[in-house]
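Two complexes follow with chain A in common, the first pairing it with chain B and the second with chain C.
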Partner chain A sequence: MGKRFNIHNANISRFRTIIQLFSFIFLVWGSYSLIYIGSRIPVFACPYNDGSPGSCFLISLQHLLHAEWKELLSWSGIALLTTFLTFIFLLIILNKAWCGFICPFGTLQDWLTKLRSYLGIRFTRLNQREFKRLSIIKYLFLAFLIVTPLLIDNSFFGAPKVNKDMGAPFCQICPARCVMPTFTGDTSQFAFDYTSKTKMVMSSIGIFFTALFLVGSFIKKRFFCLICPLSSLQYFFSRIGLLTLRKDGTKCTKCGNCSRVCDIGIKAIEEDIIHKNAITSNCMMCFKCVEACPENNALKVSFIRIPIFRSTPEGFFKRYPAGTICKKSDENEKKS
Partner chain B sequence: MTMQKFQISIVIVIAFFLLAPDCVRGQEDYYWLSNTPPPQMKGKFRPIGMHKLSGGTIGRGGKIKIAQWIMKGSTPESSQYVRQIDGFDAIVINPVGEKVSAEIVEDTFGSYIKFGVDEEGFYNLYLIKKEVTGEQLVLTVAKAEKLHHMCRNGHGYVKKRLPPQTFPEVVPLELVRKRTKREDFHYFVRSGEDIEIVLHSNEAPAELAIGFITSNGWSKYISGENAVTFKVVQDYFEPIENFDTDKRLPFIVASTGVIVQSGVFNEQQYGKIQFTTTWTDEYRPSVRLYTSKSYGWIFFAASFLVLSIIIMFYRRFGARKRRGL
Partner chain C sequence: MKKNHNNEGEKNIFTTPEKSVEAARLQMSVEIRDALKEVKDGLKNSLLNLEYFFNFFENLYNPGHTIKPDKKIIAHTCLQVPDEFIYALDAWPVRICTGFSSLGQIGSNWLPARTCPLVRSTLGGINSNIFPYYTKPNLTISAVTCDAKRKMGELTNMKEDEFYTLDFPVLKNGETTDQYWLQSLNKLITQLEKTTGKKLTKKRLKDAIALVNSARKEFRRLLELRKNPKIVIYGTHAMLATNSWFYDHARQWTEAMKSVNDEIEALIKEDIEIVPPHAPRLLMTGSPSIFPNIKSMLIAEQSGGIVVADEFCSSGRLLYDTVAVDEWNIYDMVPAIADRYLKPCLCPTMTPNDDNLRKLEEDIKAYKVDGVIYQAFSGCMPYEIESFKVGKMLGKLGVPMLYLETDYGKEDIGQLTTRIEAFIESIKSRKRNLKS
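Presenting the complex of A and B:
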């Protein structure tokens, strides 16, 4: 009699790769099949890309906040509220797995990592100080994209209003705006805008960030996710998500496998044995940590409190037959 | 050039101007619909939505009312606001194909068609006049397709409500702009683009000319075809410091012709229909006038190179420094 299939011993990364591929195809070229999935998508479904069947929540948020107080406090405010509620609803279902499984921009970074690995270029691991410093940037971006549109139409304490060319400010500097349309043959976003000084500066920053994204993704896994404002916004609501990643600190031996396989480089998953909730602001719920954990039930993924994937010794040895998670890239790093 | 050839050329030019219909000479006065209120009334109206339709709201969070101004003239620049308007009917059809309540408001500064908008998409506006003079029915139709869109209302309707709508039961003939392949609710007509115009009519015209007239009066006419393509020509130039990417200037597409068709209108018989129909929109300057892809790519390549070098040095010397070498 053959062995019974056990989901907990399965290779979730392979499943994730397939989901990522389909999501990428759908979110980059989906509109050509005349499908529209809304404008509150909690991933970088960039509306500057003609092929995108929907649009990223951030552009909707910035648009809606670009209004006078009296508009925001009237019926128009309801649009903002419903947009936000839809975003939260989508988050409740998949939590931050939107980043790990669906986001086409994240997928692109994973592919760049594969290319780097194929070329034998070593990657960079940030130390905790660098990691924390970079992680703050996403909250600054989030504040920037929320406050700036409000300042365009409203004056705070008599201060001058912000230039109207700053509309949708984050989109102007977001690398996805330049990168995603290139998949449908549109390179128009790689253009300097001479209209005004503001536009010129913003378009320059946008192009610079695109270069930074490409260079960064090539040397640091999921580089942009570290500074992604959408990720920080998602984190505020991750506690109410139906999909959870929980850690049982009593079963943890602090072997460090979980943090070693983490593409983002989160140390807390290894070090924190007190908190049950293992989702941090940088986590993208790819569940690589669960795969790499050799302890029974130490890490557990649940949906509405029903365990759907958990760490098992059998699963670990099946995925890593040598009992080590040392990868080629690590070997390269050691050699260099 | 010999004297004989010169004389023949002169004769041809004179014959062209004498024999061609008025529209070919661009001298006819057209009725058309404008989005720009008279200067004296600008304070009463404000731009609504992404396409800055002239209008306003009634009450806090109330229904949005749009006003489109009735103009008369041979070019947008030389046209005048029509103060008193007789014999015209205003019909407005919303994006889902339903007639909406519309009225012509006569004002000392200019008359306008007023209607409420509550749906996202293209509103078809018609200003129609029919009268029998002699043995012909003179039909005048001024049409505009006004796109109402606010991003806050979402984009779920875009694909359904983008295609042009025609209403042969309301108006016997009308000009329609074919949508472009990459068009959505955020599309603006820009200079340098081609616009495809089709005349939809219940009966095929015996004579037909369709013309494109820019704001300052540059024009081009094509005769005998009911589907034509015009390049939107920007007919103004201004120094870069005054350049405004949001500058909107109107243009008119006008068609004139004759349909051989007899009938009765207001108990008066006619043997043919003499029609003049206009379709108007606004254009903005081309994106190419104020953006540069080549400089963008050069800047991108330079940034990429500099960042790569910085990281290379950081890895080489930063690592040594940390190891204390």
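Presenting the complex of A and C:
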């Protein structure tokens, strides 16, 4: 019991920062150590970056969907299926914690947040209406990146086919394509692509989104995660994830600590006292809410039903400073 | 929001004559002595470390108080006024709500007799210049929670810059309310900065949060220890100890509370109990008991019950909720404090207030409560109204509830004793029947 209990009182944010740093180094410069981890990674391991040891699942999905119907329904459809199954397999293990712990693009946003906080510049909090509206965008992006590649080779109800240059359409407008390669010294992605009209438009949208990303995530914590299509795709399978975040509504006092520290700004974690599953479409499973909850067992993180981290008042007062007196007495206890 | 007292004559109608003040002082000293005597002698086996709190109350209205504040005093009348801001501005927060029957009589000069005794006695104290530590506060903040408190500000003899009415929302409906409350608090900070002449800085506010959080940590430890099946502290004693938070400095209070907790822990380890194990475990809720008005809880414990928990805004709720901050800058600390003082608020003046019922239900489970005593001061509308819902919820749970309508006076002690004794007897026989 003793050892377990200490885990619940631990500072998981510090642990997360370390994991994030390592996974960032690995996913940005990993290929230089001749490692390849496949092309179904459920995070933004951007293949446009030479240093990336693998590639983001979204680009594989877009490439595989760039095919004719008969091709997709034949044996080559198997490739799509296995890709998808591998993705789901990886996803199930860590669930959305891929976003909170592994994703280098998310880490980058956290670092921008740290910089802003250090400079003492205040952040913006979205109101519920803005939040809901922005949350829809990621589903639109997802639909866009699934449907567009299909339209290149197939015609829907006799409508004209989409230009071939629209291959991997989301990547063309994704800010990660511009930002991630800069870490290996490649700034070429910032250039406008003049090869065709389509490419010109798409690359300028991409640069616009990059600017939006940099500004947005500077003033709003984890801004891009709100509109990330990968996050919405992950959410479809989060219910079968092995890592779960559950809430016991009867223990909740609605004090709002959880939603206050939430980087995304999810209000449901505080307001919803009925549903047990606390993971919402925007959640990135960083578990900051569990850290900030002062009620015993109100929030619980489990892996295959084994609780690995839960909210405790002791842990809360350890993480949030509880005055000089207690520090002194703690020291005395250690001495004696 | 501000009163218009332009001429001296108008102010005088709110000042108690010197003679009545003297009489009130005498009566108060009797009330203090009686209450402490009952608490110390009426309840046997008191903890040793509680002596600090008893002495504290003995000296509180004494001109030569031993721990007199050397800082500016900011008085307030509600637990929804953030202490953190006051500590951060290097002042001493004192909650001036009182439980003196004698001051209540003075307060009746300006308020109708049917008004809640708490507000009457608080107003009586203000207008007779009787304050804890014998020191007039530099600023008095009154949060407009219930109707009586809302109008109280208009009836004081304080000058405009001495009295501040704090806007407090009545709805708990999310964003709009939160924003409203935050703006109200921002205005309060400006006023506090003006009064204290200090500026709210990042470091000071962080230290203040840590200071109050440390008190909350000790308080929660006390609650956790009281959940133990072995009872070593009387509810009245625990309530008094917590109640002293109103007036004491956070650092001293935390130190004293820590020693009490350590003593409780040691006694539990030694398998000591102060009441028989089958004593009915009671929970008290409703209008707040404030020293020296502790009669209903005292009677309950002297009649063989044991109050294991209370949901009073003068003790059980006082220090329960916590402040969690994400970024330790002013821009996040202030909203975090604002959230703590609004969102988990269980005051019946707020609506919707179903959280109150959920909390009670959880408490009943956690403390293994056998019965609930609901105290409502006559004239305390919000608690009188709320009693219906609480009663219904408890009926569903199968937990008996005793509804008491009481006052600060001593006239109803006989009647209260009969009712509470009967209630406790019925719980006892019920427990016996359940066992057999």
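We adopt the following convention: the second predicted complex is superposed on the first by the 316 of 336 C-alpha atoms of A that agree within 3 Å, B and C clash if a C-alpha of one lies under 4 Å from a C-alpha of the other, contacts with A are read in each partner's own complex, and residues count from 1 in each chain.
Everything that follows uses one rule, which is that a contact is a pair of C-beta atoms (placed from the backbone, for glycine too) under 8 Å apart; a residue touches a chain by one contact, two chains touch by 3 or more.
Note that this is a predicted model, so its numbers are computed, not measured.
Of the two partner chains, neither chain B nor chain C is touched by A:185.
When both complexes are overlaid on chain A, the residue A:210 reaches chain B alone and has no touch with chain C. By the touch criterion defined above, A:254 lies against chain C but remains apart from chain B after alignment on the C-alpha atoms of chain A. Once the two complexes are overlaid on the shared chain, A:158 sits clear of chain B and of chain C alike.
Of the two partner chains, chain B is the only one touched by A:124; chain C is not. Chain A residues in contact with chain B (one complex) as well as with chain C (other complex) do not exist.
Chain C contributes residues 174-175, 202, 206, 209-218, 220, 224, 251, 254-255, 258, 320-327, 329, 331-332, 335-336, 339-340, 343-344, 355, 358-359, 361-362 to its touches with chain A in the complex.
Remark: chain A residues 117, 120, 122-123, 127-128, 250-257, 260-261, 263, 267, 270-271, 273, 288, 292, 294, 313, 316-317, 320-326, 329 touch chain C in the complex. On chain B, the positions that touch chain A within their shared complex are 60-61, 151-156, 158-159, 182, 240, 243, 245, 287, 290-293, 295-297, 299-300, 303-304, 307-308, 311, 315.
Note for the complex: chain A touches chain B at residues 34, 36, 38-39, 50, 55, 60, 63-64, 67, 70, 74-76, 79-80, 83, 124, 178, 187-188, 190-195, 203-204, 207-208, 210-212, 214-215, 219.
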